[in-house]
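Look at the two complexes coming up: chain A is in both, with chain B in one and chain C in the other.
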Partner chain A sequence: MTAHSRTVRRRDSSEAGFTMIEMLIAVAIMMTVTGAVFALMNPSQGIFQTQPEVSDMQQRLRVGVDSMAKDLVMAGAGTYAGSAAGALYNFFAPVMPYRVGDVDDDPAKNVFYRADAITILYVPPTPSQTTIRDAMPKTAEQLKVNEQSNCPRTKTGEIDQHDALCGMKEGMRALIFDNQGNWDAITITSVQDEALHLGYDGELSVSYAAGSNITQVATHTYYLKTDVATKTFQLMHYDGYHTDLPVVDNVVSLQFQYFGDPLPPTLLPNKPLSGSGPWTTYGPKPPDLATTFAPWPKGENCAFMVDPVSGAQVSRLPVLGGGVGSVPLTEAMLKDGPWCPNASAPDRFDADLLRIRRVRVKLRVQVAQVALRGPAGVLFTYGGTSTGGARLVPDQEIRFDITPRNMNLGR
Partner chain B sequence: MALARSRFSNFSLSDSEAGFSLAEVMVATGLLATALVAVAQLFAISTSANTSSRNTTFATVLAEQKLEQLRALTWGFDPLGLPVSDITTNTAVTPETPVGGTGLAPSPAKALQENTPGYVDYVDAWGNILGGGQNSPDGGMYVRRWSIEPLPTNPNNTLILQVLVARIRDRGTADLGNVARLPDEARLITVKTRKSQ
Partner chain C sequence: MQGFTDAGHNERAPYATKLTKITLATKVTKLTKNKHEDPSRPSWPNSSCASWLPERAADEQGVALIIALMAMLLLTALGMALTMTTMTETRITGNYRDGSEALYAADAAVELVMQDLLTVSDWNSVLTGTTQSAFIDGPPAGVRDTPAGRIDLTEATNMVRCGKVTICGDADMDALTEERPWGRNNPRWQLYAYGPMGDMLPTGTINSQMYVVVWVADDPSDNDDKPLVDGDTPVAPATENPGRGVLVLMAHAYGPGGVKRVVEVTVARTDTTEIERGYTGQRGQDEQNRRARKAPVQTPGQALTRSEMTLTNGGLVTVTK
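Our next item is the complex of A and B:
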């Protein structure tokens, strides 16, 4: 019997169970592996949630920088064909630290500086650069333009001629400006055989004389929209007419700083005011000494005055910072006048805006999810509910500078 | 007895129900652990890839900023046609000062390989310019070196501007010999020419 049972046991050694030692080792290994899996799972979950948000935030930062940089670098590019060829800062200020347009216009509310808004104008590459044929009253609804040699050609039947509309099309933004510092940006709402219909709210800022310039233009306003109640923090773009669109979400800070030419504008030698431009280093040209641009005295405008001693036309603006380097232009300097074209014009701008040579932008973005933001402070503009650890993604902030090429032509 | 035997033999015959040996379990566990470590590394890689992309973005934007600062300095002709050059503006501080710096004055030969006062500044993680000098002030995260060389064929009127932005760290052999750009760093080159109005 004993012998038999031993035989059975021997035969089925695979069912003998584990010894205590084996059990302990097995359990220890299992515990280690399970422990490791859990130790890995916890942060992995955080990383899994966090990293896509981090890269999303970085992408938004890049988009913000790129979209503003590409417009800022073009700022001030002027017409390059026809009689008024030259950068826009020889006529008016193409960079303005506030919102300009038909809807919610800042100058209409007497606001002439906002740290978180900028308006940029430039003439894009376009053949549509010409002059207006007839004088335009303030309430003009349509206009005719001169056919110039740079205008595109059209072929109607056998007749091949310059386009009577100089290539202007429905929906195009256009700029009308003269030599006195007046300007208006309008939208072309429809076109007829020979006339352009204009779209703008209210009325033009002045009556334009025949021969004033008209060109296709790009108008861009960037500003920060902050609405804590609905948690909307957006970098916005406004086209100057009727459309506001968000560019980037979760932008919590946007600031513009301006650096300028320390030297005041001067008249270029050997450039008679009656000839072709540019006539000045920058800024609108003054009239000749016998002519008046009301309400300025004879021979003067917002940028130039007649020196009482020498009788020559000299700058109205001071030399800044010893005349060297790039000088920070403060809020006070940019909204204290002298005003161009004059202090009562609806589209007036501070003559110091003509000095702008470089714009510094501060842009700050936050992570989109509230659960990834910690308490408000240095790292977080708007606090969140993060429990810390891997689920803590601080705001990212960057500063960049742009030197608009067409506002630094002599530099 | 016969019954019992047949039962036992049935069990022992069925090999598939025999369970695993310790060695098998160990091998399986080892494989699992290796796989887990590999997967865990993916998380680490994704984190470091994001960090690296952030550093590359910042380095590029900061390099661009320095180039734009240099571009804005006067390098033209006055209304009478005489050349005007800004060689004193200090762009390493905020706001820039009209004196105390090097402006667009030509840089020493090794300005991109070593911190050369006048041709270097330091920036913190938020993009604030902290100042120049041989060593970074507290809080510096990026070092920006720039060089200004006259173009050999037109030395009086044309400059080659270069900027190299790197995390503040020992760049090792990258600072020896030719100018090198390591991963996460940015190096931009442009040309500036005097223009008359």
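Our next item is the complex of A and C:
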């Protein structure tokens, strides 16, 4: 019994509690273990936080590239039915390094180059390609078109005929252009009987003669919208009429570079100017030697002049870069003239734009969360508040080249 | 150290039991009952131990089970979320890659067919299906089992001709629709070139899973009302046929996972040029002929020369013109 009591007392004393030293050691061990766990968890948490943002940036880059690439690759596609069949660069410049449209038009402000903007025109697959029936004054509000054989057919009862509107519908973007380098993009606001009612701001750039071309067109302007105060950095799209829409957020840089044909345009042999086109390697055809496209002298236009010695029509543009390869087209080249259709035309463009064969695009995006951006510098265009290495997501940049297939048909 | 003996456990057991019984009474009962009903379980040799051990063991097993289940649930959810995210990103990237590849494959097929058409003197034989490209992998009908999936050429042709997989009659193909609004001049697509993209070059150097198909048809601006004849006499009141010498090509490229890209091109014969580069627009047979007999080109700053064999010594001499 005595032995039993001693045992119980010993046990009681052992169960009485831990000593302070034991407690401290236990707490120290616990803190060490917990600290180690947190040290492991903290970077993991950072990675868990940053990786979705990295994916998001790549998705945004992909959307930006896709949006621009699909339009750039189609740039310059012209009508493929009727007398004006051929790429648009036989008539005017389908790629312009600035914003063109009814709202906030750059040429109206005498701006003819912006490194962060591009306007692209092309004719999409459409049966709506024809010519205008009557001459159009600059203030025309409606027009009628010819029923070409490629126009859609309609059947009313037993009568099967071509659509009098050639498939033009309300809301459709349309392009009117002639052989002299004049062009206007308009919107069809309504349709009445055989007449198309037009929508555009101001007035047309010129009066168009009967037989000028009209077709459905796609107009796309991409530009960078930057507002540091509101922290708005967006790749924007403008439809050439009244609508601006953001495409991608947190785009901090957008740059376009142009590469072109080093050789000047030439007249194609055995292609009389009075016949059907194309008449030139590129660029609008000149008038015959007895005709004047004012304000140019007889037989000349923005791309061609009459050689004083031989009397033949030769290019007004020089040979660039030794005449081989594709040459970079600088800002100075693209806004120094000669101007098409002439220097005073409201829709004028530099004739060197007709040389463009390749477009290089640089697109840079930043992470959306300020907490994941470090100080402004090489890695970050706009600084953020991040301090930890596991929570840094540098800007991502992509560079790609597009050679529009319809602007390289003869190459 | 004696506190960690069995005797110690024995004495502290009631505290643990009290704590667990509050929340796990039901579970304990069930576990105990089940165990007694199971004849295969070994019986406890010591009846005094059996009176408390099974109950304690059951308590602790239950807690462990729930904790383990919750932990597993949490980890499974995390793992699944991670896997889903990774798989989605991988799939997006894969689809993007396949889509781009398909577009280039369709483009390549169009280029191939354009070169083929240069050698065909009578395009009407193409429109009737009599002449086909050299790039084919069998008869122009039937099913192809490819890495891109099962492709039925007959159904695909019917789809582009009239928008359904069954055989298209004249009325179907001449019907006025939004996509085909030209009535009797609607394109009647003929299979012209088709096969795996990897077979396009005999060297076998194309590593692609794409399958490409190219159809050819008369262009819809042709006003002869004969979709199988190119540029015949126009139907009155028209006096000219603007579609003479013009064809339309449509290339489909099929890839894994249902990827498909389409390129449509209008081509025309031209009687154009002696220059090698830079002329716009369409290519035609004439271009090839002229390329074969192109004019001599003078080296800048030098006179034109030619080499002739002399009969005196059999050597070549350079003659300046």
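Everything below uses one rule, namely that the second predicted complex is superposed on the first by the 377 of 411 C-alpha atoms of A that agree within 3 Å, B and C clash if a C-alpha of one lies under 4 Å from a C-alpha of the other, contacts with A are read in each partner's own complex, and residues count from 1 in each chain.
Everything that follows uses one rule, which is that contacts are C-beta pairs under 8 Å (C-beta built on N, C-alpha and C of every residue); 3 or more make two chains touch, one makes a residue touch a chain.
Only a predicted model underlies this, so the values are computations on that prediction, with no experimental measurement involved.
With both structures placed on the common chain, the touch criterion links A:Pro127 to chain C but leaves chain B unconnected.
Residue contacts after overlaying the shared chain place A:Gly82 against chain C, while chain B stays out of touching range. Once chain A of one complex is fitted onto chain A of the other, the partner contacts of A:Thr154 are limited to chain C, with no touch recorded for chain B.
Once the two complexes are laid over each other on the shared chain, residue contacts for A:Pro278 go to chain B and to chain C alike.
In the superposed model, A:Thr266 makes contact with both chain B and chain C.
When both complexes are overlaid on chain A, the residue A:Gly167 reaches chain C alone and has no touch with chain B.
Shared-chain residue A:Asp244: touches no atom of chain B or chain C. In the superposed model, A:Pro43 makes contact with chain B only, not with chain C.
Of the two partner chains placed by superposition, chain B and chain C are both touched by A:Ser55.
Shared contact residues of chain A with chain B and chain C: 11, 14-15, 55, 62, 266, 268-269, 278, 281, 409-411. The touching residues of chain A, when paired with chain B in their complex, are 8, 11-12, 14-15, 22, 25-26, 29, 33, 36-37, 40, 43-44, 47-48, 51, 54-55, 58, 61-62, 65, 69, 259, 262, 266-269, 278, 281, 321-322, 324-328, 357-358, 362, 396-403, 408-411. Every residue of chain B that touches chain A in the complex is listed here, in rising order: 4-5, 8-9, 11-12, 18-19, 22, 25-26, 29, 32-33, 36, 39-40, 43, 46-47, 50, 53-54, 57-58, 61-62, 64-65, 68-69, 71-77, 79-80, 86, 88-89, 95-99, 103, 126-129, 195-197.
On the chain A side of its complex with chain C, the touching residues are 7, 10-11, 14-15, 52, 55, 59, 62, 80-83, 85-87, 89-90, 125, 127, 148-150, 152-155, 160, 163, 167, 261, 263, 266, 268-271, 278, 280-282, 405, 409-411. Looking at the complex, you find that chain C touches chain A at residues 2-3, 8, 11, 85, 89, 92, 96, 107, 176, 181-183, 185, 219-223, 234, 238, 241-243, 264, 266, 268, 271-275, 277-282.
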